[in-house]
Every structure is written in structure tokens, then in C-alpha cells.
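Okay, so chain A shows up in both of these, paired with chain B first and chain C after.
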Partner chain A sequence: MNISNKRPLNLFFIEIIIALLFFSISGAVILSVFAGADRRSHKSELLESVMVYSQSIAEVYAVSGNADETLKTVEKECGRLDESIELSKFEEKTENTAGTLSKLTLRFTEDGEEIYKFTCSAYIQNGGNNEQT
Partner chain B sequence: MKNYKNTSDTITTVGSMLLFLLVAVCMMMIIAAAAGSYSRISDNYETNFTASSSIRYISNKIKSSDKVEILNNGMVLENGGTANIIYYSDGGLYEKTVTAGTDYEISGGEKIFEINGVDISDNADYYKVTVNVSGEEYSALIGKGT
Partner chain C sequence: MNRPKQKNAGIGVGYVTIMIIFATLCLTVFAVLSFHAAGSNDALNDRAGEYLKEYYEADTRAKEILCRLDEIADSSRNSLFFAESFEEGAGEIEGVSVKNVNGGISAEYSVAINERQNIFVSITFFETNKEYQINVWQTGTNSFEDEPGLNVWDGTF
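So, the complex of A and B:
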């Protein structure tokens, strides 16, 4: 008698537990999806700001042909990038009698992961008003 | 015995319901957090898109023009026989095309982007464009003749 009375309740309890388990798993999945979306949004925001920053660098570098001077000017005019972003640069100069061809490669990283990398160049002719000449 | 069984049933039922209620509250909290996260992502996207698009729009216009004249809250870009006046007014970036050489009035343009301000300055080797979107300022340098 006792057994037959308890069974339906136990089944109901198991059903509730299974439903709760399903909801909990769904909640965990939703949370992880939104956390991922938030992370990607942050990354996209950084990429966008880095690209606008890079555009300014390329514009100034085309005139100056000097990496340090360019970065100083852009930082002064456009402000600093997010502190989490690290910037590494590589500059290569080829001189000949007509002028100097400078090539600047910049690499933006966050926590060691590359966000954006680009190369720009400048050709400063001899006899110009730039100190590179 | 019957009373004991009834009490036990009631406790189990109430316990299950409380558990269910707890999960429902947790789900509500998750949905609220998700809505907040989505709203933040959407706002950031909108702000970034408006800022970078308006900067690139102005940049391309400057590069394709023959002559640039800086005005208060805007600029005039002459190209051949026409002139584009790009200016900030009433919470937006406006543009209008007129015949070059006429009086350049900052009114009657078409709204391109919703922004909170624009500042264009002329430096020796480049123009500096600063766009204010939702209180945040975004700046870019545009070289002259590059």
C-alpha cells in the first residue's frame, strides 16, 4: 500500500529534477554564449580603434618617414590606445642617391594575441624638407 | 500514519516547487544579464560604426577634393565646379552640394550620421578630424596630398 502511494510522487520528483537539470544546462549554455559575444564585441571594438589609429599612423608616416616621430605625433593628436594593447614596430630603410624608402611594419597585440598587423611606407626624396633626407 | 504521509507529501511538493522557483529566478537573472550584455554590444557596435564611418567618410571626401577650406563646425571641399559642404548641426553630420564659389551657408544639408560634434583642424602636414559620438571622441589624422 505504502509503495503504491509513494511511486507517483517519486516520479514527479524525478521529472522536476530532470526539468531543472535541462534548464540549468540551458542557462549555462546561454551564459557562455553571451560571454563569448561580449568578448568578441570587445575584440571588434579594439580592432576598429586600432584600424583608425593605423590609418592615422600611415598618413603621418607617408609624410615624415620616421617611425618614432610618427608614433609621437599620432599619440599626441589622437590620444593613446587602450592600455591592454601592445604595439611593436619594425622599420626598414633603403637609401639611394635619389632618396630614402622607409617601410614600417606595426603589430598590435593584446595578451600576446595579434589583433592587427599592417605595413606602410614612405619615400623621402633628397633635398626635401624632412630630417630623414 | 496518514498525517505523517500527508506532511511528507506536502514537504516534498513544496520543496520541489521552491526548487523550481529558484531555477525560475536564476533564469530570470540570466535573461536580464543577457539582455544587458546584448544592449551593451549593440550600443558599442552602433557607436564604433558611426565614429569610424564618419571619420572615413570625411577622410575620403578630403582625399578626393582639390581644395579644402575649414569652417566653424565643418568644411568646404571644392572639386571641379562643385563644392561639398560638410558640417555639424542639430546632432548630426550634414552634407550639401553647391556650385563652387557661391556663398557657403551652413544649412539645408542632408543628414549623413547622427553624431554629437565634429572638429576639423588644419595642421602643417595633415588635417585632424575629431568626431564626438555619444560623448566619446574619436580622432584621426588625414595627410595632405598623400
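So, the complex of A and C:
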């Protein structure tokens, strides 16, 4: 009589153990998917903020033609970028008799990994004295 | 009276499995949806980033042409015939067309951003002063003729 009473309880525990095993395995997979989604979302947010920042830099640089002045103005108006992002710049100037063509290449990195890189330019007449209408 | 024994009212066998399968299914659906949403957002931002890069590369090429044209205009002002000298110089730059306008010469050219879009530029260089005037510096599709018109009723029976 005792044996027949214990049978459903044993079956129940076996079921619980199998269900928990299944749940823990699938939970691990699901958590990794959530973590992947979070990583992509973070990367996407960073890229978005960097793009807005880059566009602001390009528009200010097109008028000033000076990289340092441009970065100061954009930092003042738009605020600083996320501290984890590093910005490196490379400026190249070509002068002729009529004016100066400047090219500014910006490289945004996070932990050494490149997020975004782009080049903008400015043409200023007469070597910096912007006389264009 | 020999009545059957009443059954225990606790959780039956199979109930836990069903609940766990349901919970796992719900979590899986949420995880896949959030991953898909993040992926779509990422892809959209990648495309926007690529376009921004392409646009400013084309803008840089357009400014390089402007720089060359301004140099030509500057040297042409020192020559006897401004218009002829400018036309000759501008003719060496591929894709630039020039026409005489009041007080100077208008140069027009376009630079490809991608397969579908261009930056159209029209600038007037004046003979008497060093300044130039940008008439048009805008983005447009390659050709309006390629776009099919809307199939609407033309008003005739």
C-alpha cells in the first residue's frame, strides 16, 4: 500500500527535474539572445550619436575650414560624446592662388575598435579670408 | 459501502511541464523579437551612416571641382578675355558645362553620391570681382524621366 502511494510523488519529482533542466538550458540560450540584442542596440545607439556629431562637425567645418575651431564649436553646442568614444582627426590642406581646400578625416573608436570614419571638406577663398557671397 | 477513494487535489503530473513549455515559448518569442528589432535598427543606422559617408565624399569632390574652377577664374581675370580663357580652362574638367551670364560665367556640374543620387552644382564666377555665387548646390535623383508617372485619369472619356 505504501509503495503505490509514493509512485505519483516520484513521477512528479522526476518531471520537475526534467522540466527544470530543460528550462535552464533554454533559459541560457534565451539570455544569450537577449544579451546579443542589447549589444546590437548599444552599438546602434553609439553609431547614431556619432553620426549626428559627425554631421554637425561637417557643417561647421564647411564654414570655418579649421578643425580645432570646429571641434570646439561642436563640443560647445552639442556637448561631449560618450566618454568611451575616442575621436582622432586628420586634416589636409591644399592651397592655390584663389583659396584653400581643406579636408578633415574623423575616426571614432571605442576600445580600439572603429565605429565610424568619414571625411568632410571646406573651401575657403583667399587662404582663410572667406569672401564668398 | 465500497466507494472509490477521493483523489488528491494537488498539482498533477504534466502540469509543470506545460507551464514551463509555455514560459519558455513566451521568453523565446520576446528574445527573438527584441533581437530582430535591434538588428533592424542597427541595419537602418548602418545604411544611414553609409549614406552620410557617401554624401560628404561627393560633397568633397564637388568642392575640389569648385576649387579648380575658382583657380581658373582667378587666372582668367588676369587674361585679356575672361570668358574664353575660363571656358578653355573649365573644358579640361570632366562634366563641367559653362554658359555666359550677365557679368560673368555660370559653371554647372554634377557629382554622383551613389547609383541613384547626385549633387547638382551651379556657380557663377564674376569677371570684375573675385567672389563667386553659388546658385544651386543640391541633391537630386539622376533623372526625373526615369521615374514612372502616376496612372491617373487624364480627364477624357
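Going forward, the second predicted complex is superposed on the first by the 107 of 133 C-alpha atoms of A that agree within 3 Å, B and C clash if a C-alpha of one lies under 4 Å from a C-alpha of the other, contacts with A are read in each partner's own complex, and residues count from 1 in each chain.
Going forward, a residue touches a chain if its C-beta (ideal position, glycine included) is under 8 Å from a C-beta of that chain, and two chains touch if they have at least 3 such contacts.
In this text, all values refer to a predicted model and were calculated from it rather than measured experimentally.
Go through the superposed model and pick first if A:37 touches only chain B, second if only chain C, both, or neither.
After superposing on A, A:37 lies in contact with both chain B and chain C.
By the touch definition at the top of the document, which applies to A:27: first (chain B), second (chain C), both, or neither?
In the superposed model, A:27 contacts both chain B and chain C.
In the overlaid three-chain picture, which partner chain does A:112 touch, first (chain B) or second (chain C), both, or neither?
Neither chain B nor chain C is touched by A:112.
Looking at the overlay, what does A:48 touch: chain B (first), chain C (second), both, or neither?
A:48 sits against chain B and chain C alike.
Does chain A have more residues touched by chain B or by chain C?
Comparing touch counts on chain A for chain B and chain C gives C.
Once the structures are superposed on A, label A:12 by its partner contacts, choosing first (chain B), second (chain C), both or neither.
Both partners.
Would you sort A:97 into first (chain B), second (chain C), both or neither based on which partner it touches?
second
Quick check for you: in the superposed arrangement, does A:63 touch first (chain B), second (chain C), both or neither?
first
What is the shared patch of chain A, the residues that chain B and chain C both contact?
12, 16, 19-20, 23, 27, 30, 34, 37-38, 41, 44, 48, 51, 55, 62
Please output the residues of chain A touching chain B within their complex, sorted ascending.
Residues 5, 9, 12-13, 16, 19-20, 23-24, 27, 30-31, 34-35, 37-38, 41, 44-45, 48-49, 51-52, 55-56, 59-60, 62-64, 73-74, 77-79.
Over in the complex, which chain A residues touch chain C? Could you list them?
8, 11-12, 15-16, 18-20, 22-23, 26-27, 30, 33-34, 36-38, 40-41, 43-44, 47-48, 51, 54-55, 58, 62, 94, 96-99, 101, 103, 116-123, 125-126, 131-133
Could you list, by residue number, the parts of chain B that touch chain A in their complex?
Result: residues 5, 9, 12-13, 16, 19-20, 23, 26-27, 30, 33-34, 37-38, 40-41, 44-45, 48, 51-52, 55, 59, 123, 125-126, 128, 138-144, 146 of chain B touch chain A.
Using the touch rule from the top, collect the residues of chain C that touch chain A in their complex.
Residues in contact with chain A: 8, 11, 13-14, 16-17, 20, 23-24, 27-28, 31-32, 34-35, 37-39, 41-42, 45-46, 48-49, 52-53, 56-57, 59-60, 63-64, 66-67, 70-71, 73-75, 130-134.
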